[in-house]
Amino acid sequence: MTTQAMTAGRAPMPGMKVYNLKLGMWIFLLSEVMFFTGLIGSYIILRFAHPEQFAEPGEVLNVPLTAFNTFLLICSSVTMVKAYAAIQQGDQQGLKNWLLATIVIGASFVGVQAYEYIQLAGEGFVPIADLYAAGEAHGELIGGQLYGSTFYTMTGFHGTHVSIGVLCLCFTYWRAAKGAYTADSLGGVEIMGLYWHFVDLVWIILFTIVYLI
Amino acid sequence: MNWSWILPPSFSTVSGDIDGIYMVILWITGITFFITEGLLFYFIFKYRHKEGRKATYDHGSTKMEIAWTMIPLVIVLWIGALSKGVWDTVKVDVPPAGLEIIVTGKQFEWTVTYPGPDGALGTSDDFETLNELHAPEDQAVVITLRSEDVIHSFFLPEMRIKQDAVPGQDITVWFEAIQPGDYTIGCAELCGIGHTTMNGTLTVYTAADFEAWSSSQAQQQQP
Amino acid sequence: MSTIEQEMVRTAEGGHHDHHELPFIRKYIFATDHKMIAKQFMFVSLFFLVIGGLLATMMRWQLGFPNQPMPGGMLLPDAMMAPTPNGAIMLPEFYNSLLTMHGTIMIFFAIMPLLVGLFGNLLIPLQIGAEDMAFPRLNMISFWLAVPAGILMLASFAVEGGAAGAGWTSYAPLSASGEWTGVYLGQQLWLVSLTILGFSSLVGAVNYISTVINMRAPGMTWFRLPLSTWALFITAILILLAIPILAGALIMLLFDQTIGTGFFRPEVGGEPLLWQHLFWFFGHPEVYILILPAMGIASEVLSNRARKPIFGYHSMVLALIGIGFLGWIVWGHHMFMSGMNPLLGTSFMISTMAIAVPSAIKTFNWLATVWKGDLHLDSPMLYALAFVSMFIIGGLSGIFMASTPVDIYIHDTYFIVAHIHYVLFGGSLFAIFAGITFWYPKMFGRMMNERINKIHFAFTFVLYNLVFWPMHNLGLQGMMRRIYDFTQYEYLAPLQPMNQFISICVFLLVATQALYAFSFFWSMFRGEKAGNNPWDSNTLEWTVPSPPPHGNFPEMPVVYRGPYEYSSPESEKDFYPQTQPPSKPPVQELIPEPVTPTPEGF
């Protein structure tokens, strides 16, 4: 019996009944949960230990603008779902269109966040302790440097993850344009979706904790 | 070269408790050490390969697993329970102070602030010593421990006292010496280039001698 | 076919069928074959092991011969060694860098990559019957992230201000600003290097976990996995979950140092204890990352060389899982003296006492494995037995420091240093020696030189104990850690002779390692040629040639039994390989029905 015939006749252990790429992405996302837990956990601890350095979210942060941004990101998750649904039907054009929509909305999210940062920095809300103190001295600011430090670190790393996600989406779009994905071979789109939804979920949690509470 | 596993002499009210727990652990771990290492070396010798030797085909014994899970668990939890009592005595139950002082660590020295004749800290008759702690015997010396820069660790080996000094915090640590003498102050947390030089002297007096020392210091350091 | 079905077929086909030779650069440099990557990790890590040893040697010079000119000291820059007419004397700032970098390099660039990078890569695919890791290119990235991390770490010695000097634990605020240590760029490079290394470990962990879950051969159920694979699997989970916490902490500290945030800087309202909590929340799982694979290796070698099943296989697995799980709730025992609430101290003490139990279970099971065995006392076995012996000491000494009141006295003393080194050197490193010697033939097709290894073992075992056993006593006498010149303390001056004795033994111990190095390289060219299975072992890696071909298994292996069937009555020989078909009919439900692919798919 040839090697191929013999081995093809034996199915491997089914494992998680999930193909490698998808399993790998889930496992990777688990590590990302820990990363954001570390950052958000630190914020929570610091906020309880030094409440005087923080402020009610609305006093410093632009909650309405960020709420709109949250809505944008949720929309991009919807477009991502549509993209995946499209390729499940074998609709290559649909895949490309919805991927493009996701890219545009994702990039907009980053843009709005950058705008928000510039606004805040202009008001003296920065992650730099000495500059913050200088702003405080002029009576311009509320709270203390821990607020800026934690805010920019948490949202900045999230924004970085979104940006990386947008780049990966562009790569996925490029591959889609080459016809790499079909109804039977859509693992790459699925794991892209998993990452994107994760980034969205982290934002919802972050938004709630940082902007609403 | 001192190979002894007996702790060096100690002169505070908690020494007996701390050294006592240590001895309990030493006995238990010591006996365990001799039994397990003894068995290991015995097995190596007895079961080394010889012509014709066959190993026993044995996958294990649930009874043994339960035994060597429960027995160590009971022992270590018992040690934990004993330890908790002493821990609470040292760290939680701070006795009423015979003398209250402030010890401030900074790179690379200890500053000790005494209350002066009025017996209150934070008043104008407070005086200071550098790298010296003077204390009366048989009185609880309650220290507010501070740091001006990085984390140091206030270590009085002969009193069995150690507490990290954390900048931004006031931490309470206390001791009660039972014998006059000269003892050691050390820093037990890496604090920079001069960490090795943060040594000082703890001098314990009789109550009368301490009064005398304290008054003369207060006079010398009068503003 | 769906994606999963395609993948199943591809895996079922077992091995690559492209027979063209890879170009040198794809085979040796940017390799994606797990066996080559394992060797890459091995060579780089052994190099760092030597560096770490040299750093310790210099430290021991200062401790053994305080403030005396060090041989070769004049070769080092003035920032490290102060020149005098008689030679160069070590400066305290260099001593602090030495102790920091010794710990950092040994833990992150030697022990961890040896246990996880070498043995994880070498053993996992082979022992589960897979052709390679789930993500071979990601595996390559894992190695090639570790290299720049290592280069940055070494480079930090050469920058102004020198290498990091706040201890491998890098407590804030000492580490948060160069004004406290005099080290600026060096401290930042330390942080960047470890962050990059963290990525390396993280992607490695994703690979290992995915591979073990998804790519086991038919019949390789969870409870037929060798303990070495189990240990590496649990270790990978610990890495996956702990490293991101470290990454967050490192980044926050880097921001404190560079941007000027104040997470850990009390002078601007930050919280120094937050660093300790974050670091040790990672740091305690980290030490289990450093010992679990060693335990797995010891189990493999002990069972094989005793020709006897591992005693209590299921308990051994549960103990590994127990250690992995409990390891998350004991971190505060590094912080008993930190100013943390004493009640928290008590709760951490209880959990720490509890975690002694699974380690004890494993030790008793190793003893019972050896009992009534047929012990072949060759060098891998000797190293593995030494592992058990030293681990007992390291584990028992841990009970002293787990007790909060005793820890008041011994915290930050040489008693702790003794404990650390009994588990990391007596434990992990001896297991690494055992593992390299045992799997050497699988890697290089030749056996190591037994005679030289035995001499190396004897000298290392004796000298190692002469170095680290007395450190218990030094700690009990009150000698602190990380202390450049303990003679400044009058009560410690009598410890000078013991320190000198230890230092001389260290010099001899380091020199002795040349024997293993010689055996290692000599055997590559002159070692006795090895067949598939020189140790008469049961696990799958020994069913293929030494070294195995690309793709490992020419045919998909099928597993019929557990890995420790030594001296089984069902086998004529004293071993019974996992893939050998039984003479009796197999238990049907454990082997999947053969599935014939049809044009429509499965």
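Labels for the chains are A, B and C, by order of writing; each one numbers its residues from 1.
As a working rule, contacts are C-beta pairs under 8 Å (C-beta built on N, C-alpha and C of every residue); 3 or more make two chains touch, one makes a residue touch a chain.
This one's a predicted model, so the numbers in the text were calculated from it and none came from an experiment.
Peer 1: Could you compare the number of C-beta pairs in contact for B-C with that for A-C and name the larger?
Peer 2: So, comparing the two chain pairs, more contacts are at B-C.
Peer 1: Among the chains, which one keeps its Cα centre farthest from the Cα centre of subunit A?
Peer 2: B
Peer 1: Just how far, in Å, is the C-alpha centre of subunit B from the one of subunit A?
Peer 2: From the centre of subunit A to the centre of subunit B is 48 Å.
Peer 1: How many Å are there between the centre of subunit A and the centre of subunit C, using C-alpha atoms for each centre?
Peer 2: 33
Peer 1: Residues touching two or more other chains, restricted to subunit C: which are they?
Peer 2: 270-271
Peer 1: Please output the residues of subunit C touching subunit B within their complex, sorted ascending.
Peer 2: Per the stated touch rule, the residues are 92-93, 96, 99, 165-167, 171, 173-174, 180-182, 266-267, 270-273, 306-309, 311-315, 337-339, 342-343, 345-346, 349-350, 353-354, 356-357, 360-361, 363-365, 367-368, 370-377, 385, 388-389, 392-393, 396-397, 399-400, 402-406, 408-409, 411-413, 470, 472-473, 476-478, 480-486, 488-491, 494-495, 497-498, 501, 564, 566-569, 574.
Peer 1: Would you mind writing out the residues of subunit B in touch with subunit C in their complex?
Peer 2: Answer in residue numbers: 1-5, 7-8, 14, 17-18, 21-22, 25-26, 28-29, 32-33, 36-37, 39-40, 43-44, 47-49, 53-61, 64-65, 68-69, 72-73, 76-77, 79-80, 83-84, 86-88, 90-92, 107, 149-151, 153, 155, 157-158, 160-164, 166-169, 171, 184, 186-197, 199.
Peer 1: In the complex of these two chains, what residues of subunit C are touching subunit A?
Peer 2: So the residues of subunit C touching subunit A come out as 1-4, 6-9, 11-14, 134-135, 138, 202, 205-207, 209-210, 213-221, 240-245, 247-249, 251-252, 255, 259-263, 265, 268-271, 274, 277-278, 554-556, 558, 592, 594-597, 602.
Peer 1: Considering the complex alone, what residue numbers of subunit A touch subunit C?
Peer 2: Per the touch definition, subunit A meets subunit C at residues 3-4, 6-21, 23-24, 27-28, 30-32, 34-35, 37-39, 42, 45-46, 49-50, 53, 127-131, 133, 144-146, 148-150, 153, 157, 184-187, 190.
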